[in-house]
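Alright, structures below, take your time with them.
Common to both upcoming complexes is subunit A, partnered first by subunit B, then by subunit C.
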Partner chain A sequence: MNWKKQVIDFIETRLGIRDILEQNLTKYLLPRNINAWYTLGAVLLTLFMIQFATGILLLIYYVPNPAEAFQSVERIMNEVPFGWLMRTLHAVGANIIIIALLLHMLSVMFMASYKRPRELTWLSGFIILNLAFALCLTGYLLPWSQLSFWATTVATDAAGAIPLIGDDLVRFLRGGSMVNEATLGRFFALHVMGMPLMLGLLIGFHLFCVRRAGISRAPFGPDYQPREHPDHFEHEEHHDGIPFFPNYVIKDTAVICFFLAFFLAIVFFAPNLFFPESAFEPADPFVTPPGIKPEWYFLWAYQALKIFPSEIIGLGVQGAFMTFLALLPFIDRGAERRPFKRPLFLTCYALGILLFVGISIWGHYS
Partner chain B sequence: MIRLFVSVIVFSLLVLAAVDSALAQEETVCIQCHTGQSGSLATPVEEWRQSIHAANGVSCHGCHGGDPTDFAMAMSPDRGFIGAPDYASVPDFCGRCHVGVRQNYGESAHGQAVEDGGAQCVVCHNAHAVKKAEISLINEEDCSRCHEYGRAGEIKAAMVETEQMIGSVEQNLDRLHQLGIATDQIEGGLFDLRNRYHSLFHSVDVEKVRSETDGFQGELQEITQGISDIDSQLAQRKIWGGAAVALLLFGGIVSMLIRRTYHDEAGH
Partner chain C sequence: MTTHVTPPQRRKFLFIILGGVGAAFTALAVWPVWRYLLPREKTGEDAKIPIAKADIPLGKAHFFSFRGQPAVVLQPAPGQFVAFSAVCTHLGCIIQWQPGKGECLCPCHAGRFGTDGQVLGGPPPKPLDSLPATVEGDQVLVG
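What follows is the complex of A and B.
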């Protein structure tokens, strides 16, 4: 037993780990009125770790070649021990992550936590959301099914609407005029290496921003008063707050458990919820499956493009909307964060959600 | 930072924008030309679109030959164009692909009488709106066009049970396929079995159908057993999944209860 103490003391003397743990766990105080919505960050971290772990396991058996990709996924689903579980967790997990990301973004918006001094936290989070979309898109092609092939064809085709450079851009994205072996190669490289690396760095930066600025106080309750942030750096302290560990970690654990229960319920009881029939047919460039639609989280964009008379207008409107969202903290700069004291914001917020849901449903049935 | 941001936005635009302009499946020159015509020259295309051939990707040139990529040479005998066969040649025309059926049909009363106007393939299956070989094709209305229904009815009665078994296996395989189970091998076996069984019908010999039905049903039971084994595995997965979900819910509830005690403590 003595040697264990000696090792710990050796490390402690040189790195001061106990102090780091204290500062970031038991002495790290969070606002007393912190609510369950704040746990979505921890939920997302857990989900990303599951994606990372299952992705590595899938990588052992997956073959990124059009001649073998579909068969390799079929082998994973049918022959590799627990391969079906890894693949279903990975594919369903991607959808669950998008749900969690959207909820996280909407809760941050509702509580106006993006406001100064947290602009960079918001911006990095927004880029993470878009990177997650890109990971979904690149991962979608890898099984080389009919769904993969044609959904990627349709999605990359959209770039052709951009004036002057559209056609060249489509060729660049696909590595040729059609979705082919080169497309699979570059999407595979981006999906398993390029984007996860960027995602890891961005998540690190996002967490750094959260830790440096301090957790924002929820804008609810009689004691809450909006305050202007000073011009210099200031960590938001909560001297009367609750410790991150164990008080808030246990709440994180509870919500993570509920989220994972929801996730596993889909994996085991409705595994084909996100898989249309064409997901189980090998890609055939000569047969377009009827009624091919993008995934649910792209349906709004798909339908929005159909509403406008030309694709370039549709793309422009979407671009403007996404730019507005990205720059929201720089546009909405007032100190007030209480949603019910901001009727214009609240109206736009509610209408925006209704519009997203409505257009997505329209896109699904169109 | 701004450059990174702009790059991400541009990339987001590209990946988010899914459009409805999926590449249209290229149609053969046969379809393009005949679609633009009228009357009996256009009808075959309209009928074909509803057929089992169209559903399985068998197009005009699959039966009539010719070059489906060249307007000028599409109907040239040099490119293998056959055109429409005469009445008695239809069994040979269809039998190029449906070899087993052709053999049984040739030995049947229908096949023996084809030179004298006996029923051939398109009489029951249609010429261009080719119907899938199903038990419903044997019915009083259609059979009575040429002869009394009695014998056809007996054959149908002998086939109904096996046909229902085949239909049930097909539905189960579709269900499993939707779950990502590799059903190709079983589907291949069923395809072979169904074709052999339907070939048997074309002999129009009720005793032959009855005597060989047991063999087919035995094969179908083997396939059904294989499907049951897969279903058992899936059921087991659900039990384990249910346990995992219950455990997580329990963990969540316990964590919430623990949290409540912490909350009280923090309030002091």
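What follows is the complex of A and C.
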């Protein structure tokens, strides 16, 4: 075992890894009243790693060409050993990631962790959420099934309602007037290279923000006192806190296992939960299948477009809502973070979730 | 009777249990990925490859793909067909047919092979792998 010690000593003398580990594990103290919702970030990191790994594996057999894409996915599902596993993990994983992203966002929102000094953490997270939506949208086209083709047609068509530039924008998104080979080319490039790269950078920035500002104290319990953040930079210290390792790592691991169990239960017992009938037919540009609906997380937007008398109003309202969410920390600036001392916020929060769920269900059945 | 477990013993026990569970899950995850990545055997792998006699005129060579590897079939004498792998036994370049000389030349380091696949000169250490070729009607079956 002496060589092991020598290797470790060699690296230690040069890079001082032990110190970094200590600062970020055992000496990294978290607020005493931290709760399970703070594990969602670690859950998301795990899920994204799985998505990356399965995505790279799928690329080995996937062919990004309208003539062969559908067949290549069929081959992955039916012939390549464990191809069904990799693809189902990837396709179901995308849905689980969206669930985890939404929960993460709602929990930091409830605890008002987006407030000063964490505005940039929120903003980068919000961009990550949108990037994940865009990854789902572009990935959806790749199997080149009827579902892929028509869902993409409908989704890109919505951009046409924007005045003046609408038609040109649709053409630009599709790389032509209709969804075709060119669309697959650009969506493929974005899905496997462009957006994962941006996503990686943004996740790095998000984590940097989290670490630099320090974890926020949960706004609950008798000891919690809201306080103004000073005008200069200040790392939020928790001298009486609990160590990240091993205390919180255990909790992270437990919730990650819970998510993986839920994830794998769908993969093994309900693999087709997210695949409607039209996902199993190759794309046919001349036949629109009846009742094409977007994925569940886009239903609210789909229905919102239908409710308003004109598409442009619908798009405008959606755009305004998303902008409001993005800028939330710059709009809601009071120091108070305790949800029950913020009745207006709490009402909007609850109604907002009900509205999202309600409109989505309406969209599903309409 | 109370049994006393010391912290180091507890630590060791937990380490072994967690390590074991971790190793089992890792193996469970690695196995599908390994199988997924293994080169896949093509079906019909042992089928014979038919080549029309008309494609192999006297003194000429016909290159084709044999079970995923380049191969060549020759007609050195009327009605006599021979086939061998076109992969040079030196460093794996693909040999060329030299109609004028009636022999094969490897372009990489000038290895030379006769129409029976034997080494005539150059660095190749052993003859080209020969493939069974049989005549059936107007076809030559290789394999």
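Note that in this section the second predicted complex is superposed on the first by the 366 of 366 C-alpha atoms of A that agree within 3 Å, B and C clash if a C-alpha of one lies under 4 Å from a C-alpha of the other, contacts with A are read in each partner's own complex, and residues count from 1 in each chain.
Rule of thumb we're sticking to: a contact is a pair of C-beta atoms (placed from the backbone, for glycine too) under 8 Å apart; a residue touches a chain by one contact, two chains touch by 3 or more.
What you see is a predicted model; the values in this text were computed from it and never measured.
Following the overlay on subunit A, a side-by-side fit with no clash is recorded for the pair subunit B and subunit C.
Shared-chain residue A:286: touches subunit B; no touch with subunit C.
Once the two complexes are overlaid on the shared chain, A:272 sits against subunit B while remaining clear of subunit C.
Of the two partner chains, subunit C is the only one touched by A:57; subunit B is not. In the superposed pair of complexes, A:83 makes contact with subunit C only, with no contact to subunit B.
Contact comparison for subunit A: of subunit B and subunit C, B touches the greater number of residues.
Once the two complexes are laid over each other on the shared chain, residue contacts for A:95 go to neither subunit B nor subunit C.
Contacts of A:107 after superposition on the shared chain: neither subunit B nor subunit C is touched.
With both structures placed on the common chain, the touch criterion links A:65 to neither subunit B nor subunit C.
In this overlay, which is a superposition and not a single complex, subunit B and subunit C have their closest Cα atoms 8 Å apart.
Note for the complex: subunit C touches subunit A at residues 32-33, 35-38, 40. By the touch rule above, subunit B contacts subunit A in their complex via residues 4-5, 8-9, 11-26, 57, 177-182, 237-238, 240-242, 244-245, 248-249, 251-253, 255-256, 258-259, 262-263, 266.
If you check the complex, the residues on subunit A that touch subunit B are 32, 74, 77-78, 84, 87-88, 123, 127, 130-131, 133-134, 137, 150-151, 153-159, 161, 169, 173, 242-243, 246-247, 250-251, 253-258, 260-261, 264-265, 267-269, 271-272, 275, 277, 280, 286-288, 292, 294, 298, 301-302, 305-306, 311, 314-315, 318-319, 322-323, 326. Looking at the complex, you find that subunit A touches subunit C at residues 57, 60, 79-83, 85-86.
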